[in-house]
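What follows is a set of structures for review.
Presented sequentially are two complexes of subunit A, the first with subunit B as partner and the second with subunit C.
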Partner chain A sequence: MPIGKDEILRIARLGRLFVSEEEVGPLQRHLNGILEHFERLKRLDLEGIDPFALEEEATGFLREDAVSAWAGREEVLQQAPNREGDFFRVPRILEENEEEVSPDERR
Partner chain B sequence: MNAVEIVKAVKDARIPATEITGKAIERIRQVDSEVRALLTPLFERALEKAAEIDRKIEHNQDPGPLAGVPVVVKDNLCMRGLKTTCGSRMLENWCPPYDASVIRFLEEAGAVVLGKTNMDEFAMGSSTENSAFFPTANPWDRERVPGGSSGGSAAAVACGYAPLALGSDTGGSIRQPAAFCGVYGLKPTYGLVSRFGLVAFASSLDQVGPFSRSVEDLALALNVLSRPDPADATSSRRKRPDYTACLGKDDLKGLKVGVVTEFENYPVQPEIREALAKIEAILRGAGAEFVPVSLPATIEAGLPCYYILAPAEASSNLARYDGVRYGISAKAENLMDLYMKTRGLGFGPEVKRRILTGTYVLSSGYYDAYYLVAQKARIRISREFREAFLHADLLLMPTTPTLPFRKGEHQDDPIQMYLSDVFTLPVNLAGLPGLSLNAGYSSSGLPVGVQFVGPKWGEETLLAAAEAVERVLGKPACALGGD
Partner chain C sequence: MRKPNTPVIGLEIHVQMKTGSKLFCACSTDYIGAVPNTNVCPVCLGLPGTLPVVNRKAVEYAVRTGLALGSRIGLSTRFHRKNYFYPDLPKAYQISQYDVPLAVGGHLPIGEEQDRKWIRITRLHLEEDAGKLVHSARDGRLGNSEYSLVDYNRGGVPLMEIVSEPELATPSEARDFVSRLRQLVRFLGVSDGDMEKGSLRVDANISLTGPDGELGTKVEVKNMNSLRALERALEYEIARQQECLGRGERILQETRHWDDGKGVTCGTRGKEEAHDYRYFPDPDLPPLVLSRDFVEEQRRLLPELPWDLKERFVREHRLSIEDASVLTELPGIAKYYEKCIREGANPLRAANWIRTEVMRVLNEKRISIEAFALSPEKFCGLLARIETGAVSTTLAKELFEKMVDENLSVDEALKKAGSPSGKVTGDDLRKMVNLVLERERLTVEEIQTGKDAKGKKRSFLCGLVMRESKGQADPGEVRKILAEILDR
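The block that comes next holds the complex of A and B.
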């Protein structure tokens, strides 16, 4: 079933993305086109495949979980759009939870 | 001069690195107003770095295997204290506090970074039209796109700004622009090249790799880039060979080249088919044998599989752009408002599309139907390739179904744009190496590319086969009257 305008806005909110009135139409059209293309996957025989099985041995690095000093703190804080001393400043967060929370947002 | 020749001239003190760098800068000043491959030039810094190389030569110190070689790098690779925009408004003025490992490897080897190149925003796109700043032109026809997302790097090498460039390839972003611009582009095996300091798009697919206009330069670059890196958990500890040692062979006797039978009926432009036949004849002439291989699931389901998994990973990776710690930040009343407005303002249309797609396929109720199925399809595709490589040492494939398309041609049709990567993205899904090479030019003068795909860690085979082609066709030409 094609995705409606309300559904686009719901997904956008899950993705924390403001979508303007002009953007909704094209996004809806494009997303529906993309989802239609995904239908091809259903024709594939995927019986018995464990999606989480490691097909090969990993050969990467695992480091010791050791603390090491890093001198870049000031450089990082300098990039903050809104800084107060050694803190990142954000708008108030406490009125947030009054809204209804969907299962996805709770996860 | 290619990179190998520059290194020799600089090490023999015949040409100072500063002179090489100066000439490269002159070339960029001559043509970049038309091509627009560079987002951020770093000319002063480059001349200082070149002077350091010259001082080393003067004091008989080893200047490194890439001594004095000019390079340009895609703008999603971090350079400490310098703008790294990813082609996005979101990071318009962001300066990272560290270097990407590959940048460090290049500079320690004596390479001179001339600038950061244009790209599709966050590497999402196949035309470099999704750059938030300006599009890059195809140097062979400025009405057409250079490919993407590493279009700036590919165009820069095609125009002779530098003999080497770095790009990143998540679904074809090195190989597709390499084909469109008529240069070599190598996407290494997943885990061969460090991604520390590469701004993440889809972490299970992203890989950094080089562009060049000669095979020996590609091999030389890979020697420097492929160092194991403890800073990247996916960097393999395997011992790396000397990639230049596989070059200079007389023939390809004993090499088995696979041709994918399912591609015979796939719509591909005739000039690309002709190029494939030409390359096949050259490889046969060098002693290679051809065998049919079959990749039915890959060709049927590669594209939808990729366009579920890559956006899913992207939507998660891009959650970090929240207006709090770095990047742009919108004025807002509360935290939710800050997130939504910042992201609405900072991301362009394609990035929004992918975040929405990714969020949708991961959301409750749809996860099993999309994400899990795609994950299984990915395993099926990997197995198909593994089976094919029991019979063949490498595969000969198109890089793209079409020649470079016109600017704006696919801008309102995402699926058409995505189809440009139909032959490249399965290679990322399976974590394999792929090399795109120029196979000549169309009747209208556009470059035609083809692709070699190898088994994991099979880079040497790809390079040797590409060299056999280069011996017959010569090195790719330089665009816009360069040399």
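The block that comes next holds the complex of A and C.
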């Protein structure tokens, strides 16, 4: 089932991405291409194959619980679009159903 | 089948684990009171090109909790990304576990003995905590903020989310469940379980069954910061839903916030998209594969579970359920009590004194038993004197104060209790003994006719003399004089 325009706009909204009218078409084609590929994969007969079969060897490495401080926090705060003292400053949080602000206004 | 109009409650509990570092990076988890955005690094700030690495201790703690709950531990589980857009989440996704959680099944007992109920656990999984938002509006209200300030110190702190089956029937059962779980994580040493500080957070799902006992619409209630708040919020919510249904209205599936000051739950308007988290396996993290040895090692490290300990206290020390509950609420208190027993203390007397005197001092000083200066050895020295009658209860309470304040042994406290000149000895003491015996002629007669095989009556007389002397006599001397007179 190919992705329609509404679906593109919904995905964009969830990711807080601004998608213009002209971008919808190409995005739709692109995402549908990916989904078609997955449809082909889904047709493969994988009966009896462990979904993790190829991952077992690359098993997770566990880190010891040791604390170390990072020296770069000032640099990060400095590069933030907005800071206030020790805090990152962000636009006010939207209440549900409130009007969406455009990406430019969010800065 | 359930009856109509019955509350059905399920809980989701987030427990912050007491690791030193965060779940996926080496930043400190010690965020309370820390300068904002100091415990941060490229990993927990979600900077591009970084890779998360799982903290072994967090996995150990979660596995240990799962084992204590009797859950099945998954030897191969995975991490998913839970996507949502909110400034407390710098990556715009939270690393969590989705379809293959670390532990599945299990149960937690609530209620006492005869009406014990085992509430089933659905699952337990690992995830990272989010940062904290500070709102800048003058009245502090979210809706009126001009902007928000973000502190990522808490972001990435390891959490385990524990989900119960919807098997709790009343607000008080829900409260009991949370308090038993809190007790458990404290006994396991995996979390401080402090609801006020937010290291244990509870969300509740609640619905009322319909006319045929079928499940009704679920409402999620959040923002309850104490056991009391949880109970009140659920009571309010049950009444609200009953009223709603009584008026013939439908219950809206929504998330409601508990307002502790007003004592009401408030709906957060329309959230139809809020639950579209678009989970997918986190490609940055390989599956979490644990060996059987790893799991068995955690099983070996399990302490005696609090509900077993409580039953043992009742059985072995003949404590009431209430005494045993109080003594096993915190692992430190239970340990202190057990040390007293090993020192030879009378189990009932020790239980009583810890429940009343020791816990009163802890409350007054606002300290935990771990910070309590008086060792069980010294404390038992005092209990032993009460036992032999060498020290009266009244005097013992005075001595206890001194012992606690200056960390003294009972002998040191006795010495300090009066100046040496005030010491009652020799002829003065002999007079005092005679005075007491005069009053207690019946007891004297009983002792002299051999009705004191265990020496309890003798101890009783000794205690009376000690009380008469306000503790200024030497119990050994009192016993000697008593013997001289009684065995004459």
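Keep this in mind: the second predicted complex is superposed on the first by the 84 of 107 C-alpha atoms of A that agree within 3 Å, B and C clash if a C-alpha of one lies under 4 Å from a C-alpha of the other, contacts with A are read in each partner's own complex, and residues count from 1 in each chain.
What we mean here is this: a residue touches a chain if its C-beta (ideal position, glycine included) is under 8 Å from a C-beta of that chain, and two chains touch if they have at least 3 such contacts.
This one's a predicted model, so the numbers in the text were calculated from it and none came from an experiment.
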First (subunit B), second (subunit C), both or neither touched by A:K42: first
Partner chain in contact with A:G15 - subunit B first, subunit C second, else both or neither: both
Touching partner for A:F87 - first (subunit B), second (subunit C), both, neither: second
Of subunit C and subunit B, partner touching more subunit A residues: B
Subunit B versus subunit C as contact partner of A:E64, first or second or both or neither: second
Subunit B versus subunit C as contact partner of A:L27, first or second or both or neither: first
First (subunit B), second (subunit C), both or neither touched by A:V76: both
Shared subunit A contacts, counted only where both subunit B and subunit C touch the same residue: 13-16, 52, 55, 59-63, 72, 76, 82, 88, 90-93, 95-96
In the complex with subunit B, residue positions of subunit A that touch it: 3, 8, 11-20, 23, 26-27, 30-31, 33-35, 37-44, 46, 49-53, 55, 59-63, 72, 75-76, 79-82, 88, 90-93, 95-96, 103-104, 107
In the complex, subunit B residues that touch subunit A: 81, 94-95, 97-98, 191, 228-230, 232-238, 297, 300-301, 303-305, 307-308, 315, 319, 322-329, 332-341, 343-345, 347, 349, 352-353, 355-360, 363-364, 370, 372-377, 379-380, 382-383, 412, 414-415
Contacting residues of subunit A [partner subunit C, same complex]: 10, 13-16, 52, 55-56, 58-70, 72-73, 76-77, 82, 84-93, 95-97
Residue numbers on subunit C that touch subunit A, as the complex places them: 19-21, 26-28, 35-42, 45, 47, 53-59, 76, 78, 83-87, 92, 133-135, 142-143, 145-152, 268-271, 273-274, 276, 278, 285-289
